[in-house]
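I am attaching a structure below and will ask some questions about it afterwards.
Chains here go by letter, A, B, C, D, E and F, matching the order in which they are written, and residues are numbered from 1 within each.
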Amino acid sequence: MKVVTFGEIMLRLMPENYLRFVQADKFEATYAGAEANVAVSLANFGNEAVFVSKVPAGEIGQAAVNAVRKYGVNSDYIVRGGNRLGVYFCEKGASQRPSKVIYDRAGSSFACADKDDFDWKEIFKYAEWFHFTGITPALSDSVAGITRIAAQTAKENGLTVSCDLNYRKKLWSNEKAKATMSEILPFVDYCIANEEDMKDVFGIETENNDVTGGNLNKAGYVEAAKELSDMFGLKGVAVTLRESKSANDNDWSAMLYTGGKAYFSRKYSMHIVDRVGGGDSFGGALIHALLKNGEAQYAIDFAVAASCLKHSIQGDFNLVTESEVSGLMKGDSTGRVQR
Amino acid sequence: MKVVTFGEIMLRLMPENYLRFVQADKFEATYAGAEANVAVSLANFGNEAVFVSKVPAGEIGQAAVNAVRKYGVNSDYIVRGGNRLGVYFCEKGASQRPSKVIYDRAGSSFACADKDDFDWKEIFKYAEWFHFTGITPALSDSVAGITRIAAQTAKENGLTVSCDLNYRKKLWSNEKAKATMSEILPFVDYCIANEEDMKDVFGIETENNDVTGGNLNKAGYVEAAKELSDMFGLKGVAVTLRESKSANDNDWSAMLYTGGKAYFSRKYSMHIVDRVGGGDSFGGALIHALLKNGEAQYAIDFAVAASCLKHSIQGDFNLVTESEVSGLMKGDSTGRVQR
Amino acid sequence: MKVVTFGEIMLRLMPENYLRFVQADKFEATYAGAEANVAVSLANFGNEAVFVSKVPAGEIGQAAVNAVRKYGVNSDYIVRGGNRLGVYFCEKGASQRPSKVIYDRAGSSFACADKDDFDWKEIFKYAEWFHFTGITPALSDSVAGITRIAAQTAKENGLTVSCDLNYRKKLWSNEKAKATMSEILPFVDYCIANEEDMKDVFGIETENNDVTGGNLNKAGYVEAAKELSDMFGLKGVAVTLRESKSANDNDWSAMLYTGGKAYFSRKYSMHIVDRVGGGDSFGGALIHALLKNGEAQYAIDFAVAASCLKHSIQGDFNLVTESEVSGLMKGDSTGRVQR
Amino acid sequence: MKVVTFGEIMLRLMPENYLRFVQADKFEATYAGAEANVAVSLANFGNEAVFVSKVPAGEIGQAAVNAVRKYGVNSDYIVRGGNRLGVYFCEKGASQRPSKVIYDRAGSSFACADKDDFDWKEIFKYAEWFHFTGITPALSDSVAGITRIAAQTAKENGLTVSCDLNYRKKLWSNEKAKATMSEILPFVDYCIANEEDMKDVFGIETENNDVTGGNLNKAGYVEAAKELSDMFGLKGVAVTLRESKSANDNDWSAMLYTGGKAYFSRKYSMHIVDRVGGGDSFGGALIHALLKNGEAQYAIDFAVAASCLKHSIQGDFNLVTESEVSGLMKGDSTGRVQR
Amino acid sequence: MKVVTFGEIMLRLMPENYLRFVQADKFEATYAGAEANVAVSLANFGNEAVFVSKVPAGEIGQAAVNAVRKYGVNSDYIVRGGNRLGVYFCEKGASQRPSKVIYDRAGSSFACADKDDFDWKEIFKYAEWFHFTGITPALSDSVAGITRIAAQTAKENGLTVSCDLNYRKKLWSNEKAKATMSEILPFVDYCIANEEDMKDVFGIETENNDVTGGNLNKAGYVEAAKELSDMFGLKGVAVTLRESKSANDNDWSAMLYTGGKAYFSRKYSMHIVDRVGGGDSFGGALIHALLKNGEAQYAIDFAVAASCLKHSIQGDFNLVTESEVSGLMKGDSTGRVQR
Amino acid sequence: MKVVTFGEIMLRLMPENYLRFVQADKFEATYAGAEANVAVSLANFGNEAVFVSKVPAGEIGQAAVNAVRKYGVNSDYIVRGGNRLGVYFCEKGASQRPSKVIYDRAGSSFACADKDDFDWKEIFKYAEWFHFTGITPALSDSVAGITRIAAQTAKENGLTVSCDLNYRKKLWSNEKAKATMSEILPFVDYCIANEEDMKDVFGIETENNDVTGGNLNKAGYVEAAKELSDMFGLKGVAVTLRESKSANDNDWSAMLYTGGKAYFSRKYSMHIVDRVGGGDSFGGALIHALLKNGEAQYAIDFAVAASCLKHSIQGDFNLVTESEVSGLMKGDSTGRVQR
């Protein structure tokens, strides 16, 4: 199935192991971004994933293109131009010390992209799904406009449209996020969000929760998802439930609200290798499962199992196959050696 | 004490840290194999360990020889010849993601070894013990024949003979394994096995067990060990009990059935650095303890403590000393810094 | 322009820096092969390069596919199946110590490929050029047969066909090479060879040369190329001229004999980073230049400049752009920093 | 605030990851020592930290100086001379395998330092605090004498003086430690110790404790601290409480006894990255908190939170800022990503 | 002697060894900039070097500060603020392949620095020399203004002022460079330049030179230096003469024109480890020699020997001592092992 | 053939690549020493090489033992005890920057070895040759005494005895060296030396030489060798001739004076990977050639070719086979790839 995603790809610079920024004399260099990550997930599951973006001409932009191309993502619609590739620095936390992400993405080629850089009708030909996240419209007014056009064009051309709210407070204010997203969400079918996203962007509060304490109020999540769903007439709202016990250990589950019903996944206790990109791997797997199977319980189970595995993989990309996800879904979570 | 082991040594290629195969642009290169691993354990405990094998002439074979020689193993009877060194690729799992081992060992110098490559009478001179695993006869009919001859010769020359069943379904069928091992086990004194081995090779089922659920039925293991022991008139059967909670966390214990009685070790909860070679380190330590002390409870305690430590060590080899094992047996498992 | 290449891709294992095999506890892992290397060169120059091959199913085969895909090579016709990916070990020489290559490729998925694995009519659709090397038919009778069919089909479908003789004495005898290549070369337009290739395969001697002494007899090369050209009615014969001064320092030039005339390039004195793949980078660049421009002097100059740059790049692949080659052709070989 | 610390700085050599000494062909090289570690903590919290020591002239000594200078420590009073920099080898433990530290510090420039190397009146100008540990006087009689002079001079010049008992049995006997420390402690205001230190140096037993069993007898610690406090008329005694569950997992808390009252911190369950330097980071943070705030409960809470974070950081130095410590004190120990 | 330098410090990202950008999955991370490099040289030679700059608050800026602090540079006047640290990507060339530098420095904290960030009177207290390069005023109008003020204040306060023209065509046009530098140079005593700088900024042509051909016209350089000297009433003009033979091999010498006379250094044939920062190391050493000795021939010899050694050192910083430079000046350029 | 060598083995710590000591945050850790290096050479050439030494008990000493054991050296007579393993720091030079070696070997287990640690009659059983260098007696009076006893015992038991003068000015004075060596050399058959050694220890001047200028006076060397030979009634004197052009490039040849005649080798121009251990590789190869063949011209040619290859190998050990040396002797010094 052909799926299109649209967003920024950045250079990710990370000290080795658990070193702090000030200790590092080497950075692991990978290339990632929320929608690029989703595209890689989809390609790994066997879809034709098209990642649409803009990177500077020259070697650094080329390296970003190569990074997704390596995993089978179609890069034909990544435009070259502009001044720089966004950068983000990522320090891996441990135990009580949190991971840190420092963005240096202002003025990037993508943030400065122009409406004419993308011919959406051409891009969406034969495609079935369009995905983006709330980070994309947050980058600049120009990119917000492009996102709206893309979502509308996708809708008009019969694609299913999904959006991961992904609110980033350093990129825009709650007010601006609400105003902008409210113009785009009418074109969206499936929305992915976590508790904070829903509250920060649309003021939807999940009641009686205590994320750090580990007592999740399931009913509260269903209420919140219903509220968001009703607000924009969505087909479905998926909510990821992360319970952080430490930088090393998280519990992970999710819920899909669709057709007026809520479907909860099982919960995984994860020992984390790299948690960045965890949410994106959930999105990519959810899209794949919905496209392929359509059944809600299967979709949420597949998405949670896939993104659980992502937490065991270094880098933003979720490098797992469909059969690996199925293996975990069938219940083998003991990590026994496979020979 | 002089102990002889016989088997293949391979190049082990492993991505760094928790990287997946498709991410790796470097492989850690070590050289290992079930019986080589046992030999290294024995040498570390102060025995004269002789590892008998065959590797190709040239640098890659030499590197394999150097790898065991470095730890004091006698390599005088490693024959040079044939076409290639077997290779195995090993990806370290984490959390719910299992470790993966991909073998590329067909056509190796060892699998193609000839009966005349080894002069067993010469090799066994002054030796007290001979050890091999079920992997060795599984490699080829030729090597199966050599193994039988070696075991018989050892027996005739007064050595104690041990065998770790180590069933590998990718190397041979249950039927072939049963037929072949049934011809060799009559020359064996001590057999090491886990639950799956006993079932896969000899159809001996351990009752009422739920390995993943963590409820081990001790009586079932004793029954199974007795059945195997009776089948071939064995002096002892050692059974390792691994409870996999995740790729990072396992519980580890074992039982030695000998003289009609079962001896259980304590159980260790391990946070794993590298679990490949864990079973071999158990075998090596068990042989050492039986050779040195003979007392069954001590032997199983020593073997489990030694192999518990192995899980904290990178690579197949168990690089611990006897006094380190003793330290753990005496109860210090808190990992406090030793200055 | 669409160009198709056909051959094996292997895992290349190389100790870091100048370490010897016996010192290495890490291997740099890249994936390469003569025709894969040519395809990457062509993709870097902006062509649609299609690499046709066969790799095992699973992660190791996938990693090989990803390696060419990363650089924009079309991997749609890489078949999955068979038992193993060929491996080659490569130790970098220095000063008087030569580089060493140890092949472990017997029984590879590609060497065991079947005629029905490849639908050449489909593959050659819209293509303009087909390239392979003498290594491919040397791997097995089956693959030799496939190569002949591919060359013939290419010819019949109007593609230009090129072949790099690339004689490897460890793969086949002079006699077998001559017999096999003599059946294939009638379908070939351009042949690439060096002095030893021509002599080893077809017994064509280049007179009065002293490769180690540095005195190249230009006339001798022209004679030899003419002889080979006449033997098979070739459009052109390209001869690379490597003068090895040490493992670090080589002189590098080439000659293209076409239309009854010989065109010599300038000569570069190279300080080598990695010389493996140097010949393949010559082939890839020659094809590109002939396809694009057709002018003989330009083609040989472009091919030599491109392959000169390859010697400064780690790995088999020539990761240079057309404008970098042009820069060197225009005479800037001083290596001044480009800011 | 200006704080002076006095002690040895050594080259710390550590195998990468969890490799054992015999596996290492690389050592991570850092420079550390108890009092240098404290100085770095203090500089990171914004103090003017002066580290007084002696290193050999030449590059290795210079590298040690640079190591503290990098983090803003004043190195003006590090004397150059003598024969060698002390070395310590450090192997990181895992699970049941303990970390190992092997010292090679005999004959170091610092151990052979001379009384005239340090002009304490000059050094203490404008300073408010002087800190050293029991390791320093243990190194040699000469250095013990210098330490006593330094402590006395500090006291006479109005500085607050702190000492971490840090008993090292490989450096001196209990008897010698007691005799020497008894001469120095009269000049000390605050003493840091753990249970073993108090017992080994002064024979003060903490009753009813079972460190490995996890049942800490709070009253016993208060008794012991009171006893030590009374012995030398101390202003305060801080006791760190480490409960080792494995080499990877420790619980960590502490108590400050001052003004006749005991203040206990909360307890942190830590997943350890590097535990060496943990005690020093406690000392550095305690000094900072006492200097800045003076309030006992705050001081012990700050010191424990800061040193908890240290356990998540590679190397001896605690590279955290005051605001990171405050964040943890305020209760966010979930390690959620900070963007 | 106290010397002040003023300029930007950036994060330098470099692939390991000779890897190209598109091959790198790690970047060596160092922190450098023309004036920071000069400051480190001066500190290594024993001066009090003060580096004045602006970096963002937070870890990345802190890492840049630590980088110079490590080598003893005074960082008290590095202001914190603004949005980002400039970045430059650097790929090491080899043989005919040139090194490449890609700047990503727009919008950096330094480029956006404000006049009020620096109190020059305070900074210049007790200082004897002020140095900057032509890169600094090229970064923004604001920084150009600050540079002019700094130069003028330095002059008025009796400091010697030096400037390295360092023309960067990607930062500004020839016209703008000429206009801006013409306002600043009246406050300058010593100017450092190479042939291209003099031509690009002031249109001063050096006659009859063929840089790539290796025939330097000494008289032409003297003429050009005299012309520049006369234009602004300079005390001295130093011209570096780099003859690039390949990316690995350069010849290196220089000339100092002062007091109406030209002083030429000897010429070194260098095998290059890292040539970036070579010019800055010349500047730093020239300032040191002029400050210390004042004699022109000695100064140019010292500066060339020091910067020759820089080319053998990885990274921008010239990590050599005065006695190492003296050793080379005395004629030992054979690189014999020093034990 | 059984050959015994006697000397210290140390931990060698070296920054990676061309990094300076102050830049290194990792050291490559190998274990080496002049006589250990010779033993490894001899083992690689197929001899039974016995290395006699003393190392501390524990892991660091064990790692040193493993290092020689890995290459097949007999380590049965390496005594365990004493306080520490000697260390040497080694920084690789480049171009005009010399390599630097900093020794930290005082107080090592070997330097403090006792006469009773070694039973020379037992050690020399079946041996044919005994080798040591002038470094060994320089380490302490005790070790000097042991060396004299060993040489005398060897002589009395019919072994051939060789000594490499290896004068180290940091270990002892010329006078002490002369006095000590004069007592030992009467038991020596073959002496290896370079020009400086002969002058520093015995005041034998080689006339009319200009090592740095590249004009070697052959007659002068013959004279000097004859003088040394006559002084102690030696069977042969071998002189290595190193012409340092830069830290990267050396010329290398040697002369063997025996039976009243001088035999000169050819000269190799080497591009150096690691020159430390070069002299030891000459000694090891000379002993092997003399033992095996006895012919003087062959011996000096073999020794120079072998040690030429050593300069292309990282680490002190010369990891080449006899056939590789023969290949170079036969004239193939072009470094062409061997497939």
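Assorted remarks:
Basically, a residue touches a chain if its C-beta (ideal position, glycine included) is under 8 Å from a C-beta of that chain, and two chains touch if they have at least 3 such contacts.
On a predicted model such as this, the values are computed, not experimentally measured, just so you know.
Common neighbours of subunit E and subunit F, by the contact definition above: C, D. Centroids of subunit C and subunit E (each the mean of its C-alpha atoms) stand 44 Å apart. Chain geometry summary: the mean Cα position of subunit D and that of subunit E are 42 Å apart.
Each of the following residues of subunit C touches two or more other chains: 17, 20, 22, 25, 66, 71, 100.
Touching chain pairs in this entry, ordered by label, are A-B, A-C, A-D, A-E, B-C, B-D, B-F, C-E, C-F, D-E, D-F, E-F.
Interface residues of subunit F facing subunit B in the complex, by the touch rule stated above, are 66-67, 69-72.
If you check the complex, the residues on subunit A that touch subunit D are 17-20, 22-23, 93-101, 103, 168, 170, 211-212, 244-249, 275-276. Across the complex, subunit E meets subunit A through its residues 13, 20-22, 24-30, 58-60, 62-63, 66, 83-85, 87, 89, 91, 100, 102, 104, 106-107. Contact residues on subunit D toward subunit A in their complex (touch as defined above): 17, 71, 268, 270-273, 308-309, 311-315, 319-320, 324, 328, 332-339.
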